[in-house]
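Chain IDs A, B, C and D follow the sequence of writing; residue 1 opens each chain.
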Amino acid sequence: MNHLSDREWMAYRTKNKDRGRMLIACPDQPGIVAAVSQFLFSQGANIVQSDQYTTDPETGNFFMRVEFDVVDLEERIEELRRRFATVANDFGMDWSIIEAKRRKRMAIFVSKEDHCLLELLWQWKSGQLHADIAMVISNHTDLQELVEPFQIPFYHVPVSKERKEQAEAEQLALTSGKVDVIVLARYMQILSPRFLQDYPQQIINIHHSFLPAFVGAKPYEQAYKRGVKLIGATAHYVTEELDAGPIIEQDVQRVTHQHDAEDLKQLGRQIERTVLARAVGWHLQDKVLVYQNKTIVFP
Amino acid sequence: MNHLSDREWMAYRTKNKDRGRMLIACPDQPGIVAAVSQFLFSQGANIVQSDQYTTDPETGNFFMRVEFDVVDLEERIEELRRRFATVANDFGMDWSIIEAKRRKRMAIFVSKEDHCLLELLWQWKSGQLHADIAMVISNHTDLQELVEPFQIPFYHVPVSKERKEQAEAEQLALTSGKVDVIVLARYMQILSPRFLQDYPQQIINIHHSFLPAFVGAKPYEQAYKRGVKLIGATAHYVTEELDAGPIIEQDVQRVTHQHDAEDLKQLGRQIERTVLARAVGWHLQDKVLVYQNKTIVFP
Amino acid sequence: MNHLSDREWMAYRTKNKDRGRMLIACPDQPGIVAAVSQFLFSQGANIVQSDQYTTDPETGNFFMRVEFDVVDLEERIEELRRRFATVANDFGMDWSIIEAKRRKRMAIFVSKEDHCLLELLWQWKSGQLHADIAMVISNHTDLQELVEPFQIPFYHVPVSKERKEQAEAEQLALTSGKVDVIVLARYMQILSPRFLQDYPQQIINIHHSFLPAFVGAKPYEQAYKRGVKLIGATAHYVTEELDAGPIIEQDVQRVTHQHDAEDLKQLGRQIERTVLARAVGWHLQDKVLVYQNKTIVFP
Amino acid sequence: MNHLSDREWMAYRTKNKDRGRMLIACPDQPGIVAAVSQFLFSQGANIVQSDQYTTDPETGNFFMRVEFDVVDLEERIEELRRRFATVANDFGMDWSIIEAKRRKRMAIFVSKEDHCLLELLWQWKSGQLHADIAMVISNHTDLQELVEPFQIPFYHVPVSKERKEQAEAEQLALTSGKVDVIVLARYMQILSPRFLQDYPQQIINIHHSFLPAFVGAKPYEQAYKRGVKLIGATAHYVTEELDAGPIIEQDVQRVTHQHDAEDLKQLGRQIERTVLARAVGWHLQDKVLVYQNKTIVFP
């Protein structure tokens, strides 16, 4: 399921063979960076990139993402984890150590609109999205034909009011143990809290955004009537509160009075696919950390 | 009160001496453009720029802005108006004919923040805002010193709950007959419907904007907590419904998790002054038409 | 070769059935707009959109694009053209009258890179590009498989130093009489003056752009070394002077020191496809006029 | 010479009282981050922000900027420097430790155009530029009046072909020992290599930028003739090679065929002042490192 050319794939593997990532979140206090970097140095690792952020140096929370190279990472990673546990314990860290070459397994949920799906498939095929796309799941069959040439399994799971619960059970059966991240690429169904539980901060959604926001149906119609000069899109993690999860990325596009509601929708699609692909790309490279209801993005 | 150099001022006068503008709004029907352009041709006028927009060619409303040159405009303008009245009558037009060289008289209302005021003064002084700034009115004295070097009258009209009505009476006494457009450059008071009546679609306000919108107090604090990736500003005409008047211009600026609420405020100020100055500039050149609750901008 | 749904296609046809476009270029003088609009009115046409531009109202050149609706356009268009010829003659106009529903026939030339091709195919398939894609021509076979699902003829015309002339002859044989516009979607060959002659202002190219510009090989490498903060792309009509034809559209993307030359290339591809698709879209709707070495775009 | 309100000034001082910055450049090798962070921890310092970049983890150069808090920084800074020298020596570092509360002393060089000067003065007055503006130096007297209300010394140093050397000597006499950074805010003179020597990577210039670049006189005229769709500005450090020093910041603005050469100039001024102020702001906070002919910006 790898569509890079042999040359590109080899280059990627070689570049990332011994590349690891460390993600850390803990209460801030002096000495964290020293302890982490000292640990990595003692293990023979070389820090390639390091980003950090503290909500407040006195009493806040500290977040860190480190990329490092260490010889024979694959063989040594369990040992690294075991050894780092002591350090992590001292500082009360939430943490993980990840091999950069292990690509996340992704499921894409769609309904009938193809623009977000196509952008993800294209970026994936051109080697820009570092994921294995395990499957596409849809409540309709409209996009099946589009997915076929990419040789990705397409599953049709119809959703209706009556069989919503059953549909989610089927979806979970398909993804369970096979999927690390779910992208809602204009999937026009609301997922239940039960479903979300299985993928905390692992489900990414895209929706249109305006200044000001328009509540209720037909937002593009409303935006047209108000004569907005910008339309936008927001990619966010899905939480129980609808469309109010942590924002990963946003962008806007300039419009004028000459654009009718249909034009706005079409331009909206362009922003949606760009913003979603950017957010997914960052997530796949572990560049997005979540704290309370906001994200820290180290792009 | 003209701060352009002599050379620039002469160039502006010469360029605009015989330049007229015609603004039209009417129900759409065939023949409007033909009638208007035929009229101008018959009067010896040359169309320099023409913009139009129809909400719907069948049953919609039609809007037009024409810039034209005609010899001795100043002497002939009353005659032009008289003659055009017949054409206008046939099509049920709202219309006006304006000399481009007559600059609108502008009042700027401020409170304590200087960024929007300064931007307007700078753009005016550098010849980019085609207005005569008749006065600055403030409910505080903080910005008096700043205005002085520009040799523009500064009036302090204190506003409090008790004397709000009286304050507005004083403001109207100052502006009445002397001011064509009022710019609220971070003026932190709400104007009464009574006040708005005297300046319909002639009062421009600026306020911050976010995706999503944040209702209630301390919006930058809220935006920070939600981790928005864009902050913006909206310039609009003031109507009775607070901050919901026709939007003239909007823009945004990218931010990250590293910006605290104070940073967001500071960046917000930069967008506010840019967006407000752009909106005011268009208004001064009669480039903004209002229809229902939206604007048609011919920039 | 129409990929819109039946419903969409019907909507498009209905909306554009009687929609005409008139394009005009001539020396500026008073009375042009009056004559044109009077003519259209006399023929029972209703002006839907009208844009104009003059390089100088006194001695300059005048450009106009009018969209109009007239009953039974298809049956009447020859008559309209015949009648308008008299008006056009009076003003020394270059002009054309076009049916909006007749879509231009487009050929896409590619080499090995797929990003621009894919964007055009996607926008076309989703109904945003109003063209009939007659063929894809490539000097390589790499992209053949990609084109197949779209059911568009793919022709492989190898190009080498020895057979360059022959290759162009083959290309012209393929396009002759079947193609109105050629899009070079990262086609890595230079077309001869002979070839360009057959498609004046009908060949659109895309190339990367930087501030400052970098001359010579490996521009992304150079841009990386100079630490540019913006990379961009320019879509332009192809003329004999390489990459110096009239610019249709440009855009940029922000980059940082963290992006290596490879990242810049990847980001560059994103801008290239966006800018090219925008330029092609405007061309297909006759929104781009050329004067000397610049374009007038009525978007 | 501090124009913040008392409250703001106190807040700034308090916030930055014990805030230090460490800047490092050295050949990359494992253990740098560990050594630096271990050192800071051992001194009781808490890392508040840390940014780093390596041109290549194997054989490249490593750059780091650390913000830290340590009690009684002012009293302890010499001791910190002395102690860190050992660490720095081990890794062959170029380095410095700076008190955040010490503001750089800035001279602004201008000629006749005021837009960049005014933007700097306004941002400084509103507390956004953390500098002491020691003086404004001009080869003309046009802007003297503008500077006066800000109570900043204004020096008129005429420059002509004959007295260029003498003029530079006078300028150096004025700035010597009193100025850390020189901003060329549309200063229309070329500084000699001799002058640049005294302020390596401490002189910031702004100039217009286009895609493509236009060589020779009247670039806005050329850009207009070519019909560019974007105009831009570049802020860079001044080096002996004219306008080819390390780029700090760039930005662009969209334009259309309707903008004449004069409009482009006016829009160009808007971008110039924004880009210059942003670049100066980063420099003042030690956020810009220079390596070969490019910058590393940690914004």
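We take it that contacts are C-beta pairs under 8 Å (C-beta built on N, C-alpha and C of every residue); 3 or more make two chains touch, one makes a residue touch a chain.
Per UniProt, the chains are A, B, C, D = Formyltetrahydrofolate deformylase.
These figures come from a predicted structure and were not determined experimentally.
Colleague: Decide which interface, A-B or B-D, involves more C-beta pairs in contact, and give its chain pair.
Modeller: When A-B is set beside B-D, the one with more contacts is A-B.
Colleague: Based on CA centres, what chain would you say lies at the far end from chain C?
Modeller: D
Colleague: When the C-alpha atoms of chain B and chain D are each averaged to a single point, how far apart are the two points in Å?
Modeller: Between these chains, centre-to-centre, one finds 36 Å.
Colleague: Nearest whole angstrom, what separates the Cα centre of chain A from the Cα centre of chain B?
Modeller: Centre-to-centre distance between chain A and chain B: 43 Å.
Colleague: Can you list the chain C residues in contact with two or more other chains?
Modeller: In chain C, residues 53 touch at least two other chains, as defined above.
Colleague: What graph shape do the protein chains here make by touch: line, ring, star, complete or other?
Modeller: Chain contacts: complete, every pair touches.
Colleague: Touching residues of chain D toward chain C in the complex: what are they?
Modeller: Touching chain C: residues 53, 209-213, 225-230, 232, 234, 246-252, 256-258, 292-297 of chain D.
Colleague: Can you name the residues of chain C that touch chain A in the complex?
Modeller: Residues of chain C touching chain A: 114-115, 118, 122, 126, 128, 149, 266, 269.
Colleague: What residues of chain D sit close enough to touch chain A in their complex?
Modeller: Contacts found on chain D: 28-34, 36-38, 40-41, 44-54, 57, 69.
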